[in-house]
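Chain naming follows the written order as A, B, C, D and E, and within any one chain the residues start at number 1.
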Amino acid sequence: MQKITRDQIVSKAVSLLQDGTVSAVLGWRQGEFCYDVTPSVFNTAEDIEANFVWNDFCGANFSKYLVSKTKNIDGKLLVFLKPCDTYSFNQLLTEHRFNRESVYVVGIPCEGMVDISKVKAVSGEGIVCAESKGAGLSVTTIYDENPKEIPYAEVLSERCLNCKSKKHVAYDELLGDEGEVIDSARFDEVEKLESMTSEERFAFWQGELSRCIRCNACRDVCPACTCEKCVFDNPNSGAESKAPTNSFEEQMFHVIRAFHVAGRCTDCGECSRVCPQNIPLHLLNRKFIKDINSFYGDYQAGAEVGMRAPLVDYDLGDLEACDVFERRDSE
Amino acid sequence: MNNRAETLIPVLGVITDVRIDTPDVKTFRVVTPDGKKAFDHKPGQCAMLSIPGVGEAMFSITSSPTNQEYMEFSIKKCGCVTDWLHQAEEGQQLTIRGPYGRPFPVDDEFAGKNLLFIAGGIGLAPLRSVINYCRHYRDRYGEIDIVYGSRSMDDLVDYNEIIDEWTKDTGIRVHLTIDREQEGWNGHVGFVPSYVKELDFSTDKTAIICGPPIMIKFTLDAMIEMGFAKEQVYTTMELRMKCGVGKCGRCNIGSKYVCKDGPVFRCDELSELPDEY
Amino acid sequence: MQVNEYRPLIVAFCCNWCSYAGADLAGNNRLNYPADVKIIRVPCSCRVNPMFILRAFQRGADGVIICGCHPGDCHYTSGNYYTRRRMALLFSMLDYLGIERERTRLEWVSAAEGAKFAATMNDFAETVAALGENKRLEDLRCKK
Amino acid sequence: MQRIGVFVCWCGTNIAGTVDVAAVSEALKSEPGVVFSTNYQYMCSQAGQDIIKDAVKEHNLTGIVVCSCSPRMHEATFRKTAAAAGLNPYMVEIANIREQCSWVHKDMLTGTEKAIILGKAAVAKVNLNTPLTPGESPVTKRALVIGGGIAGIQTALDIADAGFPVDIVEKNPTIGGKMAQLDKTFPTLDCAACILTPKMVDVAQHENIRIFSYSEVEEIGGFVGNFDVKIKKKARFVKEDICTGCGACVEKCPMKKIPNEFNLGMDNRRAVYIPFAQAVPKVATIDPSACNMLKSGKCGICSKVCTAGAIDYKQKDELIEEKYGAIVVATGFNPISMDKFDEFAYNQSRDVITSLEFERLTNAAGPTQGKLLRPSDLEHPHTIVFVQCVGSRCDACAEKGKEYCSKICCMYTAKHAMLVRDKYPDTEVYVFYIDVRTPGKNFDEFYRRAVEEYGVRYIKGMVGKITPEGDKLKVQASDLLADKQLHIDADLVVLAAAIEPDKTARPLATMLTASMDTNDFFTEAHPKLRPVESPTAGVFLSGTCQGPKDIPETVSQASAAAAKVIGLLVKDKLTGNPCIASPNELMCNGCSSCERVCPYGAITYIDKEFPQPDRTVAVRRVAQVNPAVCQGCGACTVACMSGAMDLRGFMSSQIIAEVDAICK
Amino acid sequence: MRRISLYSLDSLFGEISKSMTLYIPASDNAGGAVYTKYEDGVEYLNTLNTVKSPKNFFFPHTEDLMEFKLQGKNIDILDIRQESEDFAVFGVRGCDVKSFDILDRVFLSDPVDSYYATRREHGVIISLACTKPSETCFCTTFGIDPTEPMGDISAWMTESHLYLQPVTEKGKALMSKIEHITEACDDSEVLAQKDKTKNILSKLPLKDLSTDAFGSGKTKELFDSPQWAELSQSCLGCGTCTFVCPTCQCYDIKDFNTGSGVIRYRCWDSCMFSEFTKMAHGNPRLTQTERFRQRFMHKLVYYPENNDGLFSCVGCGRCLSKCPISMNIVKVMKSLGGDKNE
């Protein structure tokens, strides 16, 4: 269902590599199964032609990789960024995390990425093939050779169903057509939680966060988490923690992490994508985004390079902390 | 409560004496609260010392097993636990568990051999246990040579013991060296590896090296050049350890765990291992 | 007399220039407030890291209050404005997680407002005492 | 670990009355690090301090906890005591068990319990204290004043009189600023030029003052006591040191139709010009955009007529680099543009003018030589309407004008109205106002004279629309008190335009890392207590760059700023506050968050080399804190995600230790 | 062999939980399964694998080891262990059962880890044969027969019945307790089901994965392979693979100051974490490549070297489905295994 084809991307990558514009290409490498795709640096045209993949499972946000992959590079690194990835890209540039000159960005449109666990929930285990077919995925399993057609609406990941923007905010070159910022319903879930009682919310988060295994995948994938040394790894920070010892630790980890990325989180949704326990971590980040929008005016991290994040800014007439709940309750 | 020997639960120890060796090395004497030695050990083995709330760390036991009264640890200040220990006073309790690791083969391979000890800096700490063991059972070994080097005169650990006891023993030759010229020093000046070459030892000796990794590497190279076989050279290693019993998974070099299969390795064994250290 | 009457544990972060001086003034004027309130002096309310607040709750605090100069009066001109944003977002998030919103508070107390300081502390201590022990954000290991 | 001594003070019965001091000192004995604990009647007394000093020696203490009154009271005392005993003064912490314990709790049991906890918190903190030494930096004994209006002039004179060299940078060819354009000054009605020009001469003649006229500040680096400034001296194509200001070149210049800025374009000047007769420096300037010689190489008359040989068509901009200890901003104001106020027909009719234009119109050196003639036909106006608050006190959402009150308009309008009625009693004068604000010495009396003695017709209400019709201006207005609409046929309308900071202020603030408010007025370090200092150390504010002001206020602030500068320059060295932020470079991401929240501009970034895990070297951007500039608020420490930034004296670990001790 | 109707599954669970705590796979309300203490209202979820492996029962994610009380220079050491209670775990797949063997060789080898040993002694494993393996399954690569799942009691679930066969003494003891609600039967249906499953196994995409290139003695060959850098290049360094892995057993020991004492606890650690081997004066594994290599070298070479050729992987497929960047042991084996895995 992606509007742009693999061939278009591959030929773009190959030509940029061959004309010397870039010296390497950051892209998706085909894995064992139709749906498993690994971010990878490609150095040769042959490799790209053979192994580069672009399909409904290319969800990984490459922005964060630029911090490490551009460190010792000669020439430029070509990176393909989906619209949501470009926000992270700008935010990282705002924070001086890599050098813009060492990257060549090709923006590619995205029609939304598929959450394989949603597919499995419908098709069952044993997927051998999951291809785009019309408005859905055609899935074949070991147990059922007859392809099952599943509409995209059922299998798109949450972040894509609530896509906030199809517009690229950064690129050197764009493949396909430019999209628009979307007025999404991404805060609906947050509002639903807000309308619960305090006890219900506590029970909800206890239930969700108690599954946390502290694998740190959310942190390690997060484009806003590029600290040289994370406070959770630093014995002197007062927040070091490694394992879920009891309910407090998980809350502490997730609250501090959400606070650290507050105002910097672009809502790319990688945290929720990678969580092995399917914890809806984006609901924490979105709460901050929603609050920031409501308290201090609409703000989209990464919309432009150099923006002043809401937490390093202020206004004389800002809302008082004690009025926060009044504000929300009146909404 | 079951009666299994507990691997992770330590016993109490008390610091009964603190000796300042060098600006950054202190030697601690440790006994149990009732004044006994916490456990028996063999030369080259280690123990886990810990200060609850600060951390636990592995240290080689510097005193000789022949000392039945107490254990000693020479500790260089270089991290959380060691910083804390360095400001501890006599009477401070700590926890201790062990002994851990494979000792030097003092009673088999070493027996009857001429021994050559080579140490750099704090690397003397693990060797002191062996040296004193060999001095205690002097007749079981042949000639003993000790090459010991440090950055400066002030950084020589156990200097008094070396001068007052070791040099006076018969059949023990001590060769000291420091890295750079220094006022008041009329001994040898130069790095350990080159000094070893200079001394031109006969290759019938069994050598034991300990020191900073870079010193071990160059000394070993020098000795191979001199004609020593790797099978003749022993060394002892240090990696981050948590459990001390080969289970927590961090101190391995290849399939060997330093805490359990080491810290003492024969150099031919080491060269079988991947170059990870 | 009740022996085991529940008393909350309240940590108050006070900025050195206004609120800490306000607390001193409350003392000078002998204005009573509960001993449950323990003050930690910080140079400016903007020194208060949300981590300190969470830490206090972890360790068994039942309420945390941050006091700073009134907007416009910050000794460092803008510190309390940052505090205001940080705390607004933090408090909202804690509430979102189901932590009782009354356990946290941000108040502006000037050096001249000894009476306000005492009144604020009385009110806060009462509010927190009414909530009872902080069970939702404590670390069970720190239970005495 | 420290060796801590705990000293519990009874403060007579102030503490001992509700706190069992012996129990406190006993309880703190077993805290980690504590090796000595005692109590005494008056710890702050000489005898008490001696106990501390003796204990430091006897027990080899490395840290001190005094449980006593507020640190605001005696922290300095005990720090000195510690220093006298050979300890670093920052190894002292105070547990406030008087103001925050014994005085507010009545019950001995709870008082004692709380005192012990506060003591434990202090002990926990001292355990993590490190000796701190304040940094020192030298002071360059020269000041820079940016802006040569009355504010800059006054500041410069005061500093120079105190014996320090001062440089004034003025972007125009002459100093004098707005005041030089004024006719009379309220409420005394003395002539502006008469009181200003002697000061300008003083400046010119002062041995400690250098004037860089027709110059701009290009770059500012450094920090308090050590600013490095680059000043661009624009080419004026006249050798300043040779020109005698005789004016022969001006007279002969063929380019006669250049709008004269000094008279706000109401008359013309030549391509080579001296702004006004009393200009300082009194030298000619060639306007390169108008001069034929400079544009096409055809002319050169001025060069021919100049007997001194001062004309130099080849002159280039000159860059001057200088070091300063202090910088005073005196960039002043401008009336706002009337472009957005179409209802007042400013752009349609030449007879709708601003108050500043009116000043020139009534000034003897102005375009009409002081005769009140309306610009369109040079006829004498018989009905004049003054409109107040044009662009001041606007609704925030009006998208034009300013929210603030421009402060000076009420008084100068009263002045204008009074002067008109005085000189031309046949003229009808209306003033439309929202409020008349006259808080100032003799201000209200002045206004009342305008109304009562001079018969100026003050009407509370706003002018809705002005429509030029024939030679009249139809003024539609409302009279709020009479609740009726008014229609006045005016000959001249004078708009009291709001004032705003000069356009050069914003880029200058960026260079200075000084903060500004949303209106581009410079922010003061403290609105009440430090009104003439910028939060950026070493940067001072003089005049209207900080907010609207009249002349007396400007002059007094200018002198106040000078006093602050002198106070800084007399020091040979600046001793900093050691409790400042310091970044751990290994953990710093270089993300700029700390820089963005720093109110003092104390944080900069450098690219630094770091060895990488893969054994290569990477260059990383890391934060640097200037110890001379940082004031130690700690805003950066929370903005820093990685925790790389910490605050000495109030380190995160120390505060956490206090929290833990309290919650134990 | 005995059997019980699936309709009576609850009575079986009820019966077992009378004598010991029983854990069964149940929904985690997020699309996965989690071992949940059986009590009224807890519903059995017929799932292939739980998200977290059952190693948690014997080697918990975190466990308090001891507590210290500090007073001045003195220390008190308190053993704060509670006497372990008997428990049973139902529905452990063959791969996970095998993982206990792998963990046993670490924790029960000398010196025995008493915390683990105690839990192991008290735990009864009721395994469950697979009927619907996933495309990510490759247990057969490691010689595991998912239709013969072992444990203390082996179990098979057909469409109508649950079949139980005790394997160990512990299993027999538990069987005797549930004898009255089960019926004796022959194994014909089980055999039929095994055949059916084996047929599926032969269709699995990873069925031909070979371990030939790995095992004891392959260190030199594999350690310096240039492939490691490429394989690890996008590894995030998170601990997902480690923490879902049934055989990963690295742990950390940490102290936690509660204010009234110090608790020394043990928690899972990951060799993928950058801090894992960090010491005061350096870190022997500085790059993610080195850490990545360690994990797979350990599973495929070091562990077999120390344990009679047994690999430290059971092919459960958890890491395949959970890795954020879809890098996993299968890709490593195929890349390094050369021709054997082409």
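Following the convention adopted for this analysis, a contact is a pair of C-beta atoms (placed from the backbone, for glycine too) under 8 Å apart; a residue touches a chain by one contact, two chains touch by 3 or more.
It should be emphasised that the depicted structure is a prediction, and the values quoted were computed from it without experimental measurement.
S.K.: Note down the smallest number of touching-chain steps it takes to go from chain A to chain B.
M.R.: Minimum number of steps from chain A to chain B: 2.
S.K.: Farthest chain from chain C, going by the mean of C-alpha atoms per chain?
M.R.: So the farthest one, by centre of C-alpha atoms, is B.
S.K.: So, what's the distance in Å between the C-alpha centres of chain D and chain B?
M.R.: Centres of chain B and chain D (C-alpha means) sit 66 Å apart.
S.K.: Between chain C and chain E, what distance separates the C-alpha centroids? Give it in angstrom.
M.R.: Inter-chain centre distance comes to 46 Å.
S.K.: When the C-alpha atoms of chain B and chain E are each averaged to a single point, how far apart are the two points in Å?
M.R.: 39
S.K.: Counting only Cα atoms for the centres, state how far chain A is from chain C in Å.
M.R.: 37
S.K.: Which chain D residues reach two or more other chains?
M.R.: Chain D, residues with two or more chain partners: 597, 639, 652, 656, 660, 663-664.
S.K.: Can you list the residues of chain B that touch 2 or more other chains?
M.R.: Those would be 80.
S.K.: Which residues does chain E have that touch at least 2 chains other than itself?
M.R.: Expected reply: 70, 252, 256-257, 259-260, 269, 274.
S.K.: So in the complex, the part of chain E that touches chain B is made up of which residues?
M.R.: Interface residues on chain E, with respect to chain B: 65-66, 68, 70, 73-75, 77, 79, 81, 83, 106-107, 111-115, 117-118, 219-220, 223-224, 249-253, 255, 257, 262, 264, 266, 269, 271, 276-281, 284-285, 290, 294, 297-298, 301-303, 305-306.
S.K.: Using the touch definition up top, name the residues of chain D that touch chain C in the complex.
M.R.: That would be residues 70-73, 96, 98-101, 103-107, 110-111, 113-114, 117-118, 121, 515, 523, 525-528, 535, 579, 597, 599, 631-635, 637-639, 647, 649-650, 652, 655-656, 658-660, 662-664 of chain D.
S.K.: Which stretch or stretches of chain E touch chain A in the complex?
M.R.: Residue list for chain E touching chain A: 28-32, 34, 48, 51-52, 61-62, 132-136, 200, 203-206, 230, 233-234, 236-240, 242-244, 252, 254, 256, 265, 267-270, 273-275, 320-322, 324-327, 330-331, 334.
S.K.: Could you list, by residue number, the parts of chain B that touch chain E in their complex?
M.R.: Per the touch definition, chain B meets chain E at residues 1-2, 4-12, 52-56, 78-80, 82, 89, 91-95, 239-240, 242-243, 245, 247-252, 254-255, 272-277.
S.K.: Would you mind writing out the residues of chain C in touch with chain D in their complex?
M.R.: For this pair, the touching residues of chain C are 9, 11, 16, 20-21, 23-28, 30-33, 35, 38-44, 46-52, 55-56, 59-61, 72-73, 75-79, 82, 86, 118, 142.
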